[in-house]
Structures are given as C-alpha cells and as structure tokens.
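The following pair of complexes shares a single chain, chain A, combined with chain B in the former and chain C in the latter.
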Partner chain A sequence: MKALRVVATSVASAVPTLILATFIVFFLQRLIPGDPAVALAGDYATPERLAEIRADLGLNEPLLQQYLSWLGGALTGDLGQSFRTGQPVADLVFERLPLTLILTGLALLVAVAIGLPAGVLAAQRAESRFDKFLTTAATLGIAIPNFWLGMMLIVVFALQLGWLPGPGGPSLADDPAEAMRGLVMPAVALGAVGAAEIARQVRSAMIENLSADYVRTHRAKGLPSRSIIWKHALKNSSLPFATILGIQVSRLIGSAVVVEAVFGLSGLGSLVVEATNQRDYTVIQAVVFVAAALVLLTNLIVDISYRILDPRIA
Partner chain B sequence: MVEPLLSVERLDVFFGHAPREVQALHGVTFHVDPGEIVGLVGESGSGKTVPSLALAGLLDPRSSRVQGTATLGGAPLFDRAGHHRDRRKTPLAMVFQEPMTALDPVFTIGSQLEETLRVRQGLKGKAAERESLDLLGQVGISDPRARMKAYPHELSGGMRQRVMIAIALACAPQLLIADEPTTAVDVTIQAQLLELIKGLARDRGMSVLFVTHDLGVVSETCTRMITMYAGRVVEQGPVGVVLDEPAHPYTAGLLAALPSPETRGHRLATIPGRVPPPGQAIEGCVFAPRCPHEQPVCETPQELRRLATAGQPHDVRCIRSEEIELKGARA
Partner chain C sequence: MADATAKTVTTVEVTTAKRRAGRLAVWASYAILAVVALVVVLADLIAPYEPNAQDLNAILLPISGDHLLGTDDLGRDVLSRMLHGTRVSVVAAALAVGIAVVIGFPLGVLAGYSGRWVDAVVMRIVDAVMSFPAIVLAIGITATMGPDINTAMTAVGIVLAPTIIRLARAQTMAVKQQTYIEASRSFGARGLRRLILPHVVPNVIQPILVQVAILMGFALIAEASLSFLQLGVRPPTASWGSVLSRSYTFFDQAPVQIFVPGAAIALTVFALNIVGDEIQRLLDPKRR
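This part shows the complex of A and B:
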C-alpha cells in the first residue's frame, strides 16, 4: 500500500512538471526566427496564400489560446497534425520512438557494462596504477563530445577496418539484424560518457563503503572478498548508482538528437531536428512532450528503486 | 599446568612503509587459557586494539607488517611472512565497539547470520535457519523468528550488540575478542551484555579477550588483566591482585582516574600528558615522561619481569615497582 502511495504522489507531482516543460518549449520555439507558413509554401508564395496557411494552422489565434488548445488535446491523447504533412503527430512520433528507445537502451547497457565493473575494480585497488589510469580515462570520457567520438568510430571501425556498418544502413523494419549491427557504434558513442560517469560515482561510493565498519565485520567473520565487494558493498552503493543511472537516462535521451544526426538514424532526435528546420511546431511540441514523459518516468522508477534497494528509506 | 588456548609471543606490528614505517606493537607477549576471560586495558592510543586486529587478521597487509608468533589451539595464526592464515579456519570471532555501524544496513539479521553459518560451518537452508534462531535465542533476543526478518536499523543498540554476539558465535569460536563491546551502549544494557558474555563463556567453555578502557568492566568480568601502554605490555596479572596492588604507575594512574565515593567533591585525578605517538623513539621507560615516580634509573630500557612477591604470576615493566608506594583500588 505504501508503495502505491509513493507511485501516486510521484505521478501527481510529475504532471505539473510535464505541463511546465511543454509550456516553456511552446513559447521558446515561437522565438525561433522563421515562419512555418513560409517554410511550407516557399519563399515566393503570395501574401494571401501565406495568410491562408496561417489561418489554417490556427497561428492567428492568441499564443496562450494556441497553447491551451494544444495542451487540452495532448492531455486527451490528441497531439495534433504535422503542419507539413498533415499526418497525425502521434503516428510520426511512435514510428520514430522504437529506434530511439533501442539506441538509448543499448547505450545504457554499454554505460553500465563498462562503468560498473570499472568503478568497482578501481575502488578495490584505490590509488593503484589501475585506479589512476581509470580515473584519468573517466575524466577524458566525460570531456570527449559524443558526436566527435561517433565520427572517430565511423572513421576507424566502418571506413578503415570495415568491421561495422557505417551510417545509412537499413531500417529496423527492413532488416532488423543489420540495423542492430548499425546501432553498435551509435550506442558506444552515446554510452561512453555514461560509462565514465557511472565509473566515477560507483568508485567513490564503493571506496566509502569498503572502509565502513560493517565491511570489517564481514571480513572478521570470514566472508570471501568477492562476496564482500560484489554483494555487500555493491548493494550498499546502489543508491548513488541508481541516482546516476537516472541522470544518465535523461542525458541519453537528450544526446540521442546529436548522435542520431551523426549516424543518420531516423529516430526521435532526427525527427525533432527536421521539425525544427521546418518550423513544424506541433511535432517539436510532441517530441518534447514524449521525451519529458520518459524522463519523468525514469525519475519515478529511480524513486521506487530507492525504497527497494535500501530498507532504511520508508 | 594447562596448555594456553591463545599464546602470543613477541608480536610486533608495523604500519606504513619504510622509511616512514612506524612500530605500533613492541614485542607483545601474553596468553589466554581455555575458558578464561582476560582484560586488555589501556587508554586511547595505547595500542590495545592492535593485537586483536592482528589476531583476527583484520590488518591490511598492504599497509601493515606483522612479526612474531601467535598460536590458537596449537595452530599458528601467522605464516612465516607474517600473513594471517585463513580466517574461516580460525576458531576466533570478534565483536566490535559500534553496534550501530558494525552490521550491514541493507541485509536482514537473518541473512547476515545464515551467511556466517554457511561460510564458517557449511550450514545451508533449513539447518542454517534453525541454528540462527537458536543463536538469537542464546543471546537473549525475544521473538527470534520475527527478528530474523528485521534490518539492523529496526533494532535498538543493545539488541544490535546481541546480534553481533550471535554472529560471532556463528563462527564457532574458541576465542572471542570483544573490542569495547559495551562502550557505545548505556549502563543498564552494558551490565546485561557483560552478564551475557560471561554466561556464554562459561556455558561454551569459550575464552574471551576483553579489550576495554573501563577498569570497572574488567573487575566485573575478567579473571586476569593486561595493561598496555605505547604498544607494550606494562603489567599483567590476576585482576584482583593488579587492581588492589598495582605494580606499574600507569595502572595505578588509570585506577586513580576512576571516580569513586571518596573522590566526591574533589577534582578527578588525571595522568598528565598523553600517550606518545607510535614511531617516537623512546630510550628508557616508555611511561617515564608522565610518571610521578620518575628517577634517573628510568632512563634505561625496561623489560617485563616477574614480581617475586606474588603467589600468582604478576609481571611488570617498571624497574622501581618494589620501591614505590602505589595506591590500589581498595587501599
């Protein structure tokens, strides 16, 4: 019952955040220079034609009213139509969403698979040469921009070694296996920063825990170090780990925009780039709505996981 | 004469690395007989905790070095290089000072107990559960079945210390090292825990090495006591003898610092100065700089020597102990 109440309050507090995010983006995108009517009809359209298009799209209404009617639609599940194609925006978003979800999921996998063991091993040998190498590598990993790493990966593994397919491969629907192979490099490019962040957080949490009194108790009772490190100290370090994981998910969704562009993937990120170029306000708005919802969902999961991971949090 | 259960011979412990290595223990020699409760006494920094950490194998081999020998039940605890043998095969267990932090906060009492039984006695599943319930009962925890599912933060300080003792018993120890086990709990709980430890030692024929700064605890619990100062044994003997007629000025100073009805209204006695930090070179008697009975003769190195007068073995590291008048607990 308690867990249910936690979920309920978290969801209740998420709704205003979600609305605020869409509100900010709604007004920000109107500040982008350019006119969706011009983007649609071209530079040589007559003023009458432009006025007609604006009236069609509802752009003549007061801004606040435009926002409220969009919000009303969004909350009842209607995200509107694309200015450009007239397609329902929801269809566009859900067509692109799976690729982005798979990409960020893979990137998260890369981040955890590298970051977690690296952080634990570094903590175990704190101040050793391995630890110093890893800390330096992690700092470097955080500093390297993912688009640059992406391009370097393409140069080395696609162009020179030819091990992995470069940009422009088949889509998930056409050839799932080949498309997944094409996602390996984007996932690495996207997950590298996450791996570095996770390694750093896990390292410091583990160092703290390995010097705790309860670890001395476990050693005194003869537990093997393997079990002390990977079972006890790691579970005690799981709160900072869950926190950094949640932060990484938000970051990955944001960074996917850039990485999708580098690798020519048609996910949510490239959709929002296209929409911005076309001043396709409803599409931008919908992508932000979905992305914000994903971030809030992640935060909710992290919140609940705290309670599962640490019995002291009631 | 019985064969001692624990026998420690010229134990040296060094911390750090050369050239800045410091020596924390200097040729510590003592023994604990089967079923005996021995107090290891000293103020903070006297080095009283180091022998227990060394014996339990809890010193980090990367930052410390052990020399000398120690045998438990006839088996050596350290190999030739001073490394501790397998902790799992050593019938020794330890209870620590801080029950609040010494238990793993995110695992249940039951899982921590059963884990110990699995590692130490190879018990699994139902057998481990039965034994855990039995141990919790032995340490006086009511409703053990419910407590098995509890997390440490759901228990009081006294209960946690009982759980710590149960975990120690799960190691099937012949020697229990209790490092200030009652310092962090209040006085009524302290008395209960002391009774519990005494009872368990009696019932199981278990020896206890009781590390404490509290002479009151020693007089209530122990049969023999060892006073440590600056990483050296300065006095050892039967509790009654040492407390009534201390032979070392340091033991006498600790006794004088205890509040008692006679000292009511007076300022409490203190030992001036403080324990020299390990690594400080000392030529003669280590206690001389703080000793009210210091004489030029104290500048020569002092050895632990057996006092001729006592009926029971009573050793002291003070060249002047026959000449000086020291006030005991009863005097």
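This part shows the complex of A and C:
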C-alpha cells in the first residue's frame, strides 16, 4: 500500500507541470508566422481548402477549446495528421521512437559504465595525479560537442580503420545485428559527454560521503576499504546519482536529435529534421511533445525512487 | 593493504589541491578566451581572404601556405571562414545568454523576493520549460517560426532562462535573510528603488556571472547544433556550426576540415567552464 501511495503522491505533484508543458507544446502552433492555414496549404491554396484546414485545425474555435480538444487527442494517442503525407502523426512518431529509445538507452549505459567508476576512483584518490587527470579530462569531455565527437569517430573507426560501419547502415527491422553494430559509435559519441558529467558529480558526492562520520566508524571497526567505498558510501550517494541520471536522460534525448542526423539514423531526430524541411508543423509539435513526455516520465521515476531511497522525503 | 589506510579527504584539502593543479588550465583558458575575443574584434583585418569568396579552380585544397586550413567544396578559404565564423558564433551565443539573463534575472529576483504565489507561479513555469530537452524545444520553436540564426538563438535564450531564474531566486532568498537587509528595512527602505536595486541585486549578480560563463559554452554548442541541422545561420554566412556542417558533407574527401571547427568549439567551451569555476573560486568569501 505504501508503494502505491508513494506513486500516487509523485504523480499528483507532477500534474501541474504536465499541464503547463502541454500548453507550451500547444502554443508552438501559434508561433507559425502569418496564417497557419496558409503556411500549411501553401500560397496557392483555394479559399475552400483554407477554410477546410481552418475547420480541421479548429482555428475558428475559442483558444481554450482548441487547447482542450488538442490535449484530449494527445492524451489518447491522437497527435493529428501530417500535413504533407496525411498519415497519422502518432504512427510516424512511434515508428521512429524505438530507435531513439535504444540509442538513448545505450548511451546512458556507456555514460554510467564509464562515469560511475571514474567518479568513485577519483574520489577515492582525491587530489592525486589520477584525480587531477580525470577531473580535467571530464571538464574537457563536457566541452566536446557530441555530434562532432561522432564525426571524429566516423573518420577514425569507419573511414581509416574500417572497424565499424559508417552512416547509412541497415535499419533495425532489416538487419538487427548489423544495425546494432551501427549504433556503437553513436552511443559512444552520445554517452561520452554524459560520462564526463556523471564522473564529476559522483566524485563530489563521494568525497562528501567519504568524510562522513559513518565512514570513520566503518573504518574503525575494520571494514575493508573496498566494501566501505563500493557498498556504503556509494549507496549513500544514490540520491545525487538519481538526480544526475534524470538530468542525463533529458540531455541525451536532446543530443540524440543531432547525433542521429550525423549518423543518418532514422529516429525522432531525423523525423524532426525532415519535418522542418517540409514545414510539417504537426510532426514538429508531436516530436517536441513526445520528448517532453519522456523527460517528465523520467522525472517521475526519479521522484518515486527518491521517496523509496530516502523515507524522509515521502 | 594500502587501501585500508586510504585517508579521509576533507573539502579543504581538495580545494587546496585543485588550486595548485588547476593553475595551468586556468591560464591556458584565459589565453584561449583572449584569442577568441581578439578574433571577434579583428576578424576583418586578420582573415587572409573574403570569407564568402568562391574560387572554383581551387576546391578542396589541402592545407598549404596559401590556405592554412585548406579550402572547402566551393573553393572558399576555410581559415577566413573560421575567423569570420568566430564572430558570428560568439555574437549568437552572447545573444542567447543575454536573452536568458534579461528574462531570468528579474523573474528570479521577483520570485525569490516576493515568495508566496508569485514564487509558486514562476517556479511552475520554470519546471514546465525545464521538462523539455533544451535543444528539442529550441528546435521546435525555430522550426516553427522559420530557420534563422536570431530566431534560433532567441529560442536557446528562452530555454536557458530557467537556469538563471532558479539561481537568482535561490540567491535572493538567501540574501533576504541577511542582517543588513533587515537593518535597511528597519530604516524604512522598501520596494524596488530603495531596497531591491541598491541592496539585493548587487549581492545576487555574482553567482549569475559564473553561470553566464557556463551558459555561453552551452549556447556555443547549441549554435553549432542548430546550424548543423540547417536551423541556424543561412548560407553563405560562416559560423563555427555552419563551417562544421558544410565540411561534414565532404568529410570523406577532406576529413581534416571537420577537425578545426569542432576543436574551436571544444576548446572555447572548455575555457569558459574553467574560467567559470575560477570566478566562482575568486568570489567565494571562504577561500582565505
């Protein structure tokens, strides 16, 4: 019952943010310069066609009603229709979503697999040469644009060494194994910056924990250093770690858009780029909506895990 | 068992160690930023060629004495484009950060100072904007309004504003509790002109400076990302992002050319982050 209450509390506190976020997405359509109907139908559309589009978009109705009917649709999975192909936008988005999710997941894996041990080791040897090297490397890592890192990886590992496939490989549906091989470089490019950020944050959280009284007590009673660091101090750093992971997911989804473009992967990123070139406003809006929904979902999970990890918060 | 005696590191020790270790990086960062600033001012004088001048008899030339960074697929001198692009990129990033501060600072101070419902409303909006991946929302706004560097950087400024709002709010709330504010109030100082502008604002600005350095770095990467996606500067204008984007279309023929713009971005952002940390250290009253 307690778990249920925790989830309910978290969801309830996320609702106002969710409503405001959907309003921002809805408002995007108001940013279309001039008459949205003309923008959608082109300059040579007949007045009848324009009227049809206005009716379709509900442009003649009051703003609040437009918002509510859009929201009703969005929450039930109806994100409107593409103005270029007439396809349901939700279909387009869900066709591309898996690739972006897999890429983001892999990148998160790379980020944690490198960043977490690096941060712990740096904290363990704080102020050593190793720590200084790692801290500087992390600061440099944060500064590198990940889509540029992706290009450099392509030049080295695809063009020069030929170890990994370059851009333009098969899709996940056609040849899963080869497609996954093609995701290695994008995942590393995307995850490297995250690894640098995670390493920095984990390091400072761990340094704080390693100077805490309970660590001294554990040492005094003769607990091995390894167990103190990897079990007790790391467990006590789990709150800041959850926060970092939440922030990373948001960053990774954003950066994935650009990295996908570099590697020619057909995920949400390339969908929004194509939609931009074709002025397919409903698709742009849907991608922004889905990206925000993913972040809000992540934040919700982080919030719930807070309440479970630290009973004082619930 | 060297591990068993691993010593407990105090924050003071770490700070001193970092202080010594970081000097080289700090001086290098100042140097990098000074060079970037010089290039922004002097781009016209030091660029050897017109940045947009095409020479179709000299396309994709390798690095040489005539063209220190080679030429691109339209025969334009890459060095000249990079130098002029520095100005475009830095000005664009400054525009974004300027907008973030202009929106964020007053709202943050207002929220922190007034508290109650004003604070609640502002913070809800901040949460909502922050629930979008920054770059995705910037893309959404720019793609809808039409690709253009000013639109793109305004959008980036809007998505960066919540960071400033949060910081200014937290700082204002801390300042509000200070004794000197209480003293000023007891002398009858109230409102914007007598209390907030002369006493609160100067004490909130300092941490904002640190954040401005870090956000400049973010904005530079955002410019490059948006220009790479054709949402930023329009051809033929050069920016770090557009030079990188262009060179990526022929990278199999001249891989060196994608290196330079990316390295320029990475080094500048690195320098901004280091200098940001340094400002923070200098402003910290506890450092002595």
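In this section, the second predicted complex is superposed on the first by the 249 of 314 C-alpha atoms of A that agree within 3 Å, B and C clash if a C-alpha of one lies under 4 Å from a C-alpha of the other, contacts with A are read in each partner's own complex, and residues count from 1 in each chain.
Just so it is clear, a contact is a pair of C-beta atoms (placed from the backbone, for glycine too) under 8 Å apart; a residue touches a chain by one contact, two chains touch by 3 or more.
Keep in mind it's a predicted model, so treat the numbers as computed, not measured.
Novice: Does the superposition put A:Arg312 against chain B (first), chain C (second), both, or neither?
Specialist: A:Arg312 contacts chain B only, not chain C.
Novice: Is A:Gly162 in contact with chain B, with chain C, with both, or with neither (first, second, both, neither)?
Specialist: A:Gly162: touches no partner chain.
Novice: By the touch definition at the top of the document, which applies to A:Pro47: first (chain B), second (chain C), both, or neither?
Specialist: neither
Novice: With the two structures laid over each other on chain A, which partner does A:Leu28 touch: chain B (first), chain C (second), both, or neither?
Specialist: second
Novice: Is A:Pro62 in contact with chain B, with chain C, with both, or with neither (first, second, both, neither)?
Specialist: neither
Novice: With both complexes overlaid on chain A, does A:His218 touch chain B (first), chain C (second), both or neither?
Specialist: So A:His218 only meets chain B here.
Novice: With both complexes superposed on chain A, which partner does A:Gly77 reach: first (chain B), second (chain C), both or neither?
Specialist: neither
Novice: In the overlaid three-chain picture, which partner chain does A:Gly86 touch, first (chain B) or second (chain C), both, or neither?
Specialist: Neither partner.
Novice: More residues of chain A in touch with chain C or with chain B?
Specialist: Touching more residues of chain A than the other partner does is C.
Novice: In the superposed arrangement, does A:Asn236 touch chain B (first), chain C (second), both or neither?
Specialist: First partner only.
Novice: Quick check on my understanding: which residues of chain A belong to both its chain B contact set and its chain C contact set?
Specialist: 216, 224.
Novice: For chain C, which residues count as touching chain A in their complex?
Specialist: 3-4, 6, 8-11, 13-14, 17-18, 21, 25, 124-125, 127-129, 131-137, 139-141, 143-147, 217, 221, 224-225, 228-231, 244, 248, 251-252, 255, 258-259, 261-262, 265-270, 272-274
Novice: Give every residue of chain B touching chain A within the complex, in rising order.
Specialist: 56-58, 86-88, 90, 93-94, 96, 98, 101-107, 115-116, 119-120, 151, 153, 164, 167-168, 170-171
Novice: List the residues on chain A that touch chain C in their complex, please.
Specialist: Touching chain C: residues 16-18, 20-21, 23-25, 28-29, 31-33, 123-124, 126-127, 131-132, 135-136, 139-140, 142-145, 147-149, 151-152, 154-155, 159, 207-208, 210-211, 215-216, 224-226, 250-251, 253-255, 257-258, 261-262, 272-273, 275-277, 281, 284-285, 287-288, 291-292, 295-296, 299 of chain A.
Novice: Can you list the chain A residues touching chain B in their complex?
Specialist: Touching chain B from chain A are residues 212-214, 216-224, 227, 232, 235-236, 238, 309-312.
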